[in-house]
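The structures come next, written out as structure tokens.
Here come two complexes built around chain A, the first alongside chain B, the second alongside chain C.
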Partner chain A sequence: MKKYSLLATGLLLLSHSLAAPLALAAEVDVDALIQEAERASYYSGNDGRSDARMMIVDNQGRKQLRQFTILRRDVSDNGDQQMMVFFSRPSDVKDTVFRVEKHVDVSVDDDRWLYLPALDLVKRISAGDKRTSFVGSHFYYEDVSGRAISEDTFVLQSDEADAYVLKATPKAPDTVEFTYYVVRINKTTKLPMEINFFKANGDNYRRVEAIKIEDIQGHPTVVRSKVSDLQTGGYTLMEFRNITYDLGLDDDVFSERSLRNPPQQWLN
Partner chain B sequence: MTYLVNEVCVTLHNNGSTKMKLRPSLRHALRLLCLTPLLLSGVHLQAQQVSVPPEKPTQDEWDMGEWAEPEQQTYRINGFVEAAAGWRLSDDPVINGRSTLADLRAQLQVDRDFSQSRISLSADVYYDGVLDQAKAQVRELAWQGNLSSLGQWGTKVDAKLGQQVLTWGTGDYVFLNDLFAKDFQSFFAGRDDEYLKAPSLSAKFSGYFDWANIDLVITPEFTPDNYINGDYFSFFSPQYSPISGTNVAPRFSVTGAQLPASPEYAVRISKSLGSTELALYGYRGFYKSPSSRTDTGLATFSALRVYGASAITPFAQGLFNAEFAYYDSTDDGHGTHPQIPNSQARYLLGYEQELVKNLTGSVQWYLERTADYASLLSHSLTPEFEPAHSRIVVTQRLMYRALQQTLTFNAFNFYSTSDADGYLKFSTDYSPTDDWRLTGGVNVFYGDHPHTFFNQFADASNAFIRLRLFY
Partner chain C sequence: MKHITDNLVIFCTQKPKTVYVILAIIALFFCAQIPRIQIDTDPENMLDAAHPARVFHNDIKTRFAMHDAIVVGVVNNTDEAGVFTPETLTDIYDITASILSIDGVIATDLMSISTVDNITQSQPGTIRFEWMMPKPPQDAATSAQIQRNLARLPLLQDTLASQNGKAAAIYVPIKDKNESYNIAEQIRAKINQLDGTSDWYITGLPVAEDQFGYEMFIQMGIAAPLAGLTIFVLLFLFFRNIPLIIAPMIVAMSTVLITMGALIGLGYTVHIMSSMIAIFLMPIAVVDSVHILSEFSDRHKPGESLNDTIEEVIGHLFTPMLYTSITSSVGFYSLMLTPIPPVQVFGAFVGTGIILAFVITITFMPAYLSRMTDASLDKLQAVMHSQHGGSRIAQLAKGLGSVALRFKGLLVFGFAAVFAVSVWGISQIQINDNPVRWFKPDHEIRVADTVLNANFAGTYDAYIVLSAADSLMPLAELLNADRPESLNIWAQQQISQLASQPRNEQYQTLIINIEDALFSDVNPAEEVYFNTLLSTTENALSQSKAFQSPALLSYIEQLQAHLQASGLVGKSNSLTDVTKVVNRELRSGNDADYQIPESPQAVAQTLLQYQSSHRPDDLWHFVTPDFQQTLIWLQLASGDNQDMSQVIELVNEYVTQHPLPQNIDLNWAGKAYINVIWQENMVAGMLDSLMSAFVIVFIMMVLLFRSLVFGVLAMLPLTITITFIYGLIGIIGKDYDMPIAVLSALTLGLSVDFAIHFLERIREVYKQTQDLQATFTAMFDEPATAITRNALVIALGFTPLLFAPLVPYITVGIFLASIMAISALVTLLILPAVMTMARGIVFKPNEGVGHEKI
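Entry: the complex of A and B
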């Protein structure tokens, strides 16, 4: 596997920012920007597949690993999505499959299913809080599937050389654990590079970072990301490999059939 | 059990280069298992809990140790070893000993993927210390794949052929249209939930069509439940218990001519309409537990047909499910045969919702309505012990996940308003690493009368502990 030093990654970003057109427009269209950022983060291509592995490190330094393959299909850009997550390691979650039908309409809950192979059980999961741990990691379900941008109000905080810095305030503060978050969106890639979550007292307790970006079929793609619990010191690293977009994944792939009989042609 | 543990441990300690060529992870798992008796006797196990100060992620950390490269093998091997122990909370006058669970178990899983199909094996070997027997169970040995090689029609049909575990229906620990074999001995003893379902040698065909999906399961040889037979837990006998004042533990198993010779057929037709899932079910086979007797008084399985339907849909903040099944006891169509169950209509309503972050609650209401009830009472040899015309059970589940989902609490309670009895199953799992999981819990049966469905097992109430090490 190729290795990049942090420095090289930094230089890569710098060169991007130099090449970026100067932010000439005096007024930044914030709505258009967050839509672009959402597309860049979650809607590259019409569909895609990726192998993923995750390392969860708790506050005592104990490590857990997860390995899985994700298939995704967009019903429409910035719209509904279908997703399947096939776990392969560790052995107690092997062959477990997670299926999501994501609805961007915030009044409609996502549909979620879990397939437990030891019981041959397809379990429908009730909607639930999206800001709870994704398979025991520091990532939330919402970090993986994407938080609907319609749930927050965005204000441009600063316009820097390489990034726009936006402050987002939830429209329904009772439903989330943060008071606001601050997101740095790279001007070239439109990818959110760092998101810091704050409590009411200004305490920055959680951070999500894009560590490494690669160009995949013309789409700048986050291939390494990290989420940190700044209160406990625990964190999770996630790395994506073997990414391909626009495979022509059919609607049929995202079904109960694939829970019980995974579509091998897209997994290997 | 301790003897066997020591045997394995001595082998490991004495012979680092054992001839078995164990994988390092398995050897590590077995070594840890050797510490189990210490753990069970209250000695604190520190092996996995060495405190390491939090590290900053470095470039090397992205290698993620042995997972540096993605797996490319076409076959995969994994599994676990497990030690489990359980004890009766009170004496059972008809069963010697307090032990209800004493397993030393290894599970091996091997999968091989082909381009369009997969062969999988999952087998358990274990020493059952309660019965002092070594046992083996093949939970899965099956080929699964698409039938496209048989023609164009086959692209829409998948098959799974061989030994397998099967589940369908919408209930939580309550099964109406799921007539696949269950293992109530394991469930009562506190084995992992996966053992609630017993495997069967079956052929499953699943067709995926625009108008609906169809599943057809053929089990050529009738596969009964692993029913309560007195091996581990005693039960109430309407004939003998009133006289002796105790349960019976005959340790019986139905064999020979009393076993049905015909296959079992199960079918499901399912369809999703938006977020709502609908299904119709049919079953042709036999009662899965020996609830009938032959004319000569031998326990047997009488014929059964089941017709049913289910729906599950998001509702309010949670999920609502409803299921119905009609149990047609075809050997006793008018309820006049005292030794064969009457037909029943069974109804289930359920609702599940996340109550607060990481705490999920669910409730179910279940009704068994016995057909020809007057006929049942007038023909019964022991009418005073027949269940109510309408047997009602309500269930409640609370599940709480803590410590980044490494600690899980699960409480499930069955309570019958008609029988005034119930069954509380509580368990807690702790698994802060990928290598091991520690589980402890209780199964408590309670009620007012010695003969009712749950309370007959009052002396089976037990506490259990399990340590599972993954490799």
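Entry: the complex of A and C
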């Protein structure tokens, strides 16, 4: 009996997906969907804080721990953002700070600064490439700050029971290492649950997953995520704790002054 | 013993077909194993898999992800800008992209101008990470900028691009060495599609090994059959009787096939040493048959009983043949004392093969001879008797005899002088080897190797590994301090949960668990405990990261500077270089800031930036994530073990003068180092082999001749010969390498044969004549001819090795052929001279009358 029902479901799915693309394109507003997804992932509340714990595991199973607090403030929904990342562990890099001014306009580069306390040095990071490793983890800077949806062209691939599956192709292919990616967006939360990156030869070399979702102040929030390097077998787990939205963080918190003088009240 | 021998011969002559069938069945059984052949070309296997140096080397390779790599080089000497032109850089870009898509390539660790990062100051106060060559440059200015950018990064300059800009390299790490040929072929195919003016080269150890395996097959497929053919032609010249000489050929073939079949069947891989088994066994295996044929054709008279003659011949030759076989196999068996597995396997199988050849000879030869037709026998008689005393070989032997007897004083004095000079020559021997030189100078691999090492810092790798003692105390100890009883269960859980992890990871996880515990309900005492524990753990963890310490980085910096100044090392790369480059770019970007930061925290923060690149894992090539072990990568332009030994010596001296910081250990890894280790083992082991073979053969000689004097006499020619050959090696400056080392012990066992036969016959003849003059006259007739004939068979039997594609085979060929020829010559010249001069000791009346048959 079970076999039959599985088979039936399979057939249903198959016929559905075969018939889907044309019919669905009319039903689902892809633009609205990705805007919603972007809001759900990166713009919950007007501002927010969270303590992040990152466990980097390399292909030999060796582990490294990183801990930091993220403060974020939206200039506007789906628009520009300010962000501060304060490191607390390992203790050798304690008080290292990243400051980001994110601009959604593709023609304007994000502004990024770095403070290294032991070198007593504030440094601007030239935009260059955002797809470099975030402090040695398998996350890219872009995974932390959010890749602007305006950089890719999205096409609905399939409409499944609980998720929309979209294929994204970069508008400027020579600025990124992937040829395309496929993202599964949860229908209820609108959160991207799994993103698979592909090379030109169809090789799926990288995966970003949301592992655990919690409701925080009415916002479905990813509290545990994972990025895997499918080529080497290494991965990074990120866990968020003490998440709070709408704290009323003011401009000062995101100023250059905060690099050397962290706003303690929001960090503990 | 004699009884058994007689019965055996009688059985073999009466039931020849049974002997044929048994031999055929055995040979077929072992032949059936041959298709399972496994070729092994890894020079690392010269060391036992469990050898500590090798275990450490492999451990380091894994830990620091230093993979075996194919090296693709591109050189442009025609263009002014070298390889830094849009055309060549575009080719590099395209080739890199195609290589990245090849299965089996470790893409993340591939190093090419288009896959590495550039760290720069795009403007004052700004740091920039970007691809060195994100896309092919369109103009000369961009190409020149890439060259300048590379020149600013010490880790890449001279490794990815040559200083003069004429050459660039791509390092292609591969997952499985066995795929290297396949991958190299795919790369070659892509290169062939290019139409630029640059020259491309492919080398690297995996490719060399693969090529080596291929050449080994050629050697076995061509040189060994050629040796068979040479022997066949020689035998034909001696005996002019095809049916007769087929017999020794069958003995040789079945010996070789059974031995190789047994080697393969027992699961041993065929290494460069064992690939020579066939060519060694073939000439050795026919020698006994040649003795039998010689004596048989001498003794057999038409009309006499064939089987009686055979019995007589075998009975007569049994003991000397047994002894020569045993001494020969002792020479080979002594190789088993050398702690080099392929040499041991070679020694064991050739040694056993020689015994096997003896057994086949004394069973098959009688069987075969007993079935010879009268016509064949008559023809043989005709040839042998017409030749007798008149053949060139016989004349040569006679000539030697007159020289030996006329100039005995001069000869003895001459050989003594040669011996003395040779002993001095041996002290001049240069021990050295280099697996790349196993290829001929014009071989593709040698050419690529020469070109790349002329342009870059070096393609030979050695690693200095510095390890810090783990300063972290066991978890139980850490958790015990002032713990409230209420937390005993929690502490026990931590200990059992984390037991399987390395200590630094235990500490990291413990920090997470303490925080989680603090987050739940805790009483004030528990809170105090947790907070104290948290800071203790963090401090301990931070302090355990030894190689974040500026003092240690500075020690490495000075060691590197010392190595560079010596000129022995092309270039060295370390964690210190990484730290200094990033520090420079974080600060002013000027050379003045090419410094080690001042505190461990500053180092940690600098390296955190290095990890914010496209290749975050590059850091782990130089240090482990716990910062307790670091690797200094030395690039050497020469693969000579001698050069590597000098580097080791240099480092040892440096460490003596500048002691390592406390709790720091220094070790070595890397291919260049491993080669030195197995060479050292080989040299020491060979000395053991040579000494023990010498002693055993000497004892056997004393037993055989029942005379100490004859024992000494038997050892005399080979001692002079081996001393002379090795003295010559020292004097002409030929490197004492793997093949030359192996030859010493085994030639001892082979060259004593001539002395055995000569002395044995002298005793017999003297017993009959009781006159010195008459004895030597008789000796230089038939016996000297037989010895010369056998020396020619063995010496010429090895000459097909001269046509082999690999240098070690050629060396073996030249040396074995000359050792055999020279030791036969020395035997025939020195023994009569010495025996005449010392006749008072040698020939006591009625003594020296031959020994009892054993």
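Keep this in mind: the second predicted complex is superposed on the first by the 242 of 268 C-alpha atoms of A that agree within 3 Å, B and C clash if a C-alpha of one lies under 4 Å from a C-alpha of the other, contacts with A are read in each partner's own complex, and residues count from 1 in each chain.
Here is the rule we go by: a residue touches a chain if its C-beta (ideal position, glycine included) is under 8 Å from a C-beta of that chain, and two chains touch if they have at least 3 such contacts.
Values in this document were obtained by computation on a predicted structure and should not be read as measured data.
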A:Glu256 in the overlay: touching chain B, chain C, both, or neither? Say first, second, both or neither.
first
Touch check for A:Lys226: first (chain B), second (chain C), both, or neither?
first
Of the two partner chains, chain B (first) and chain C (second), which one does A:Asp174 touch, if any: first, second, both, or neither?
second
Mind working out whether A:Val75 is in touch with chain B, chain C, both or neither, as first, second, both or neither?
neither
So, A:Ala148: does it touch chain B (first), chain C (second), both, or neither?
neither
Does the superposition put A:Asn201 against chain B (first), chain C (second), both, or neither?
second
Comparing chain C with chain B, which touches more residues belonging to chain A?
B
Regarding the shared-chain residue A:Asp129, is it in contact with chain B (first), chain C (second), both, or neither?
both
Residues of chain A that lie at the interface with chain B and also at the interface with chain C:
53, 58, 60, 62-65, 89-92, 94, 116, 118-119, 121, 124-126, 128-129, 131-133, 135-137, 234, 241
Would you tell me which residues of chain B are touching chain A in their complex?
48-49, 51-55, 57, 59, 61-62, 64-65, 67-71, 76, 78-80, 109, 111, 113-118, 122, 139, 144-146, 158, 160, 164-168, 193-194, 196-197, 206, 208, 213, 270, 275, 277, 312, 314, 317-319, 352-354, 357-358, 360, 401, 404-406, 431-434, 437, 470-471
Parts of chain A lying in touch with chain C, wherever the complex brings them together
53, 58, 60, 62-65, 89-94, 96, 114, 116-119, 121, 123-126, 128-129, 131-137, 141, 174, 199, 201, 229, 231-232, 234, 241
Of all residues in chain A, those that touch chain B in their complex:
1, 3, 5-6, 51, 53, 55-65, 67, 88-92, 94-95, 101, 109, 111, 116, 118-122, 124-129, 131-133, 135-138, 224, 226, 233-235, 237, 239, 241-242, 252, 255-257, 260-261, 264-265, 268
Contact footprint of chain A on chain C as seen in their complex:
62-63, 101, 107-108, 117, 122-123, 125-131, 134-135, 501-502, 505, 508-509, 511-512, 519, 538-539, 541-542, 545, 548, 583, 586-587, 597, 599-606, 608-609, 611-617, 619-620, 624-626
